[in-house]
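First chain A sits with chain B, and in the next complex the same chain sits with chain C.
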Partner chain A sequence: MNGTGRWQGTLILIVALIVLWQILYWIVGDIALRSPWQTLSFTVKLLQKPSFWPHLIETGKAFAAALFFAVALGLAIGMTLGLKRIAGDVFEPMLVALYSIPKVTLYPILLLTFGLGISAKIAFGALHGFIPVSLFTINAVRNVRPIFLKTGRVLRLNRFTMITRIVFPAAMPEIFSGLRIGFSLTMIGTVLGEMFASQKGLGYLLMNAIGLHNVDIIMAITFMLVVFAASMSGLLLAIDRRLHRRV
Partner chain B sequence: MSNERHVHVSLRGVTKIFRGAGGTPPVHALGPIDLDLRRGEFFAVVGPSGCGKSTLLEVLAGLSEVTEGEVRFEGKPIHGEIMDGVGVVFQEDACFPWMNIYDNIAFGLRQTSITATEIEGRVKRALSMMGLTPFAQSYPAQLSGGMRQRVCIARTLVLQPRLILLDEPFGALDQQTRLLMGEELLRLWRETGATIFLITHALDEAAMLADRIGVMSARPGRLLEIVETGWARDRDSRIVETDEFGRITARLWQWLRGESMKSIDQSSTAA
Partner chain C sequence: MKRTGILRILVIAGLIGLLEVLCRVGVIDNFTMPPPSRIAYDLWRILITGKFNAAIAKTFSNAALAFVLAVTIGIAAGVIIHAMRPLREALDPFFATYYAIPVLAFYPLLIILFGLGDAPKIIIAFMLGVVAIIVNTLNGLDRVPRVLLKTARMARLNPIATAIKITLPSATPYLLTGIKFAVAYSLIGIIGSEFVMSTNGIGFEIAFAYNNFDNATMYPLILLVMIVSISINTGLGLWEKMLLSRRGLR
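Our next item is the complex of A and B:
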């Protein structure tokens, strides 16, 4: 598909979603939903309130830190296990197992370890994100074409140069797909972390609003999160496609 | 001892047996082979498909450890490590897809202590020689298979190796380009004085380019015969018109006909 075609597709999808939302609102009514227009105007109002910003900043900080740890840890684990066949065979199934359990069951442990502050949210976000990054990186490194490694050997590269200049860039397109998924999961993890045992952040506001049945706030925050997540993953997907086109 | 100076690479009793992986029987791919490559000669190898030509090249390069026997490069024994001064062009496309053509060719040079100006000069010369100048900024995915193979050749040549190993480098090219590239290779060989070891499946290519042609048997690959061509050093593709060229090609085919049939039998019984 060409660039304009893809843009048109995206635009049609967005319009369709808004129309669906509006129809749903007509059916369900004010008790559980707000219309797209009401949501948008309330979101703008919320963004103008000074008391809202500390929460947004808190979530932003926690998410950025969680993403940093998820990516750093994911790449380190992925590169190590990808390069070491036997260790990879042993630890990869463990990562898969960890990936498939609901991470909420581990949250009490994280809270006891990190306390009620921002660290627990960061840890919880990173916990969600690092596994896909690791798994994708392991496979990416293993799938590097042997001929590239042979070429590196003929050029008599040392191990460090081999990894940084050949293995890593060769694996990059696949690693990036892992980063894209890790990004979304880290965000979910961070907000989830804020929903339980937290005094600050979008997740906390959301939980609070659910308790008070404040549909305006629920809709506005969900809307913000969805717009952010969708536009970021759209951007990452575009980069991802670019990387894959070269292969 | 005086002979030592003229021998660039020597193989003595070289044998390669691949251990069978996961219950498959071991594969005796190569040898025993005895061979001396003379310094500065152009040596070609022909042989039936799957007879161990690429395996022989990997052994020569030091990429693959021999099961038995000894390989010496410039007098020093090789034990599965790559020596300085050896360049390899593989049978497979080995261009790095994440680098443009210029960077692909410059990559090896940048890993050495050669100055940036020298690197630029060499890469530009290689680009123009291989007809790749307009594609310097393109990525490998935008090039045809034959062009990518030329990138791989250029990338090896810029390193100015003393021993150049080429595994069917012109396999992806059409006949005309193949002949012209052959001439380029000859010119390069004359200019640099490098020793060239060329694997090819084209008998005419071997007959036109090489000083000596090793004919290999069906697997396990052994040297059946070494054919001396006796060409002058400053030859070009016009020698294909000579009677001698016809005689050499016919002789190669005589040797290979039976072996190729054996090789086909081998693969049909294996299947």
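Our next item is the complex of A and C:
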């Protein structure tokens, strides 16, 4: 599909989802749902409230820090395991296993280790995000064409130059796919961490609103999270496709 | 066993041994984590006494229900979407960004809609799993060899016979990939929502034990979840590998 076709498809999809939402609202009614328009106007109102911003900033800070650790750790692990065949074979299935377990059960351990606060959230977000980054990096590094590596060896490049000048640029498109998924999972992890045992952040507001039966807040925050996650993922996906096409 | 397998077991054993030593020596104090041997012993006692049997049964029956729903509806939807080209093109960006969305953020909304019971949890687990099934069904149907479909037409097989004899067997390895994800996601969905807010299930018991500083319950239950999900996933992974290698696909 070409670029404009994809844009049209996305537009149709968004319109269809909004229509579906409106129909659902007509069926369920005001007790448990808000219409798209009501949600949008409440979201705008929420964004103008000064008391809301500390929560948004808290989540943003936790997410940014978690993403930093997820990417740094993921790249380091991926590069190490990708370049060392045996180490990769030993550890890769362990990373895959870690990916598939319900990591939420590990959250209490992080809470006990880091204490109740932003560091536990950051650790939990990073725990989600570093796995895809490392898995994709391992594969990317392994798939670098041997001729590149041989050339590097002939030029007697040291390990650091080898990674920065040859391995990383050659593996970039694939690594970027890992970063894209890592971005999404880090966000999911951060929000999930806030939904349990937290006193600040969007996840906390979301859980707090259940007790207050505040449908407006629930709809507005869910809406914000979904819009942010979907648009960022769409943007990263577009860059990802571009990088892959260039090669 | 291959060398990597032995090395892997040695690494895991080494890590567990290290944790054991750190806990025994006191580098990790017992309020943070009991020694692994103690956790294993506590898990054994919990399983023998059957203290959490109800919670365990609840979690796995909910996960099983969500899984069955995701597989049946997912495969049906996959077949329909595969047959309708424009629908598929419209849904393409949806599938591409779906797993970027924090599905669990919908949980509060579902609690308001359905009340705090099994329904919101099952829906969350279903939502997580169904798209993996749809995407892999589409992938599997795309890869049915054309020549086999032509052969079916030449043998004048009716659509049902074609589906059973040709399409399904060719698509099975890809369906299995989807199923593997759906198993993992249904457990993640159920336990995740139990953990965040619920009144029963393993996830709830872990959260409850955390809130009461009851490490003797919390750690064994975490271990149980890890053992169960890792063994299910490893088993399905091996089966998938077997199917794929028998067809020379991998």
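The rule is simple: the second predicted complex is superposed on the first by the 244 of 247 C-alpha atoms of A that agree within 3 Å, B and C clash if a C-alpha of one lies under 4 Å from a C-alpha of the other, contacts with A are read in each partner's own complex, and residues count from 1 in each chain.
Throughout what follows, a residue touches a chain if its C-beta (ideal position, glycine included) is under 8 Å from a C-beta of that chain, and two chains touch if they have at least 3 such contacts.
Every value quoted in this text rests on a predicted model; they were computed, and no experiment measured them.
**Student:** When both complexes are superposed, which of chain B and chain C contacts more residues belonging to chain A?
**Tutor:** C
**Student:** In the superposed arrangement, which partner chain does A:Ile175 touch: chain B (first), chain C (second), both, or neither?
**Tutor:** Neither partner.
**Student:** So, does A:Val71 touch the first partner chain B, the second partner chain C, both, or neither?
**Tutor:** Touch status of A:Val71: no partner.
**Student:** Just to be sure I read the superposition right, which of the two partners does A:Ala197 touch: chain B = first, chain C = second, or both, or neither?
**Tutor:** After superposing on A, A:Ala197 lies in contact with chain C but is clear of chain B.
**Student:** Which partner does A:Thr161 contact after superposing on A: first (chain B), second (chain C), both, neither?
**Tutor:** Touch partner of A:Thr161: chain B, not chain C.
**Student:** I'd like to know which partner A:Ser100 touches here: chain B for first, chain C for second, both or neither.
**Tutor:** Only chain C is touched by A:Ser100; chain B is not.
**Student:** If I apply the document's touch criterion, which positions on chain A are contacted by chain B in one structure and by chain C in the other?
**Tutor:** none
**Student:** Given the complex with chain C, which residues does chain A contribute to the contact?
**Tutor:** 1, 5-6, 9-10, 12-13, 16, 28, 32-33, 86, 89-91, 93-94, 96-97, 100-109, 111-113, 181, 183-184, 187-188, 191-192, 195-197, 203, 206-207, 209-210, 213, 215, 218-219, 221-222, 225-226, 229-230, 232-234, 237
**Student:** Using the touch rule from the top, collect the residues of chain C that touch chain A in their complex.
**Tutor:** 3-4, 7-8, 11-12, 31-33, 89-94, 96-97, 99-102, 104-109, 111-113, 184, 187-188, 191-192, 195-197, 203, 206-207, 209-211, 218-219, 221-222, 225-226, 229-230, 233-234, 237
**Student:** Over in the complex, which chain A residues touch chain B? Could you list them?
**Tutor:** That would be residues 147-148, 150-151, 153-157, 161, 165-166, 169-170, 172, 245-247 of chain A.
**Student:** Mind pulling up the chain B residues that touch chain A in the complex?
**Tutor:** Interface residues on the chain B side: 61, 63, 82, 84, 86-88, 90, 92-94, 96-99, 107-108, 111, 139-141, 159.
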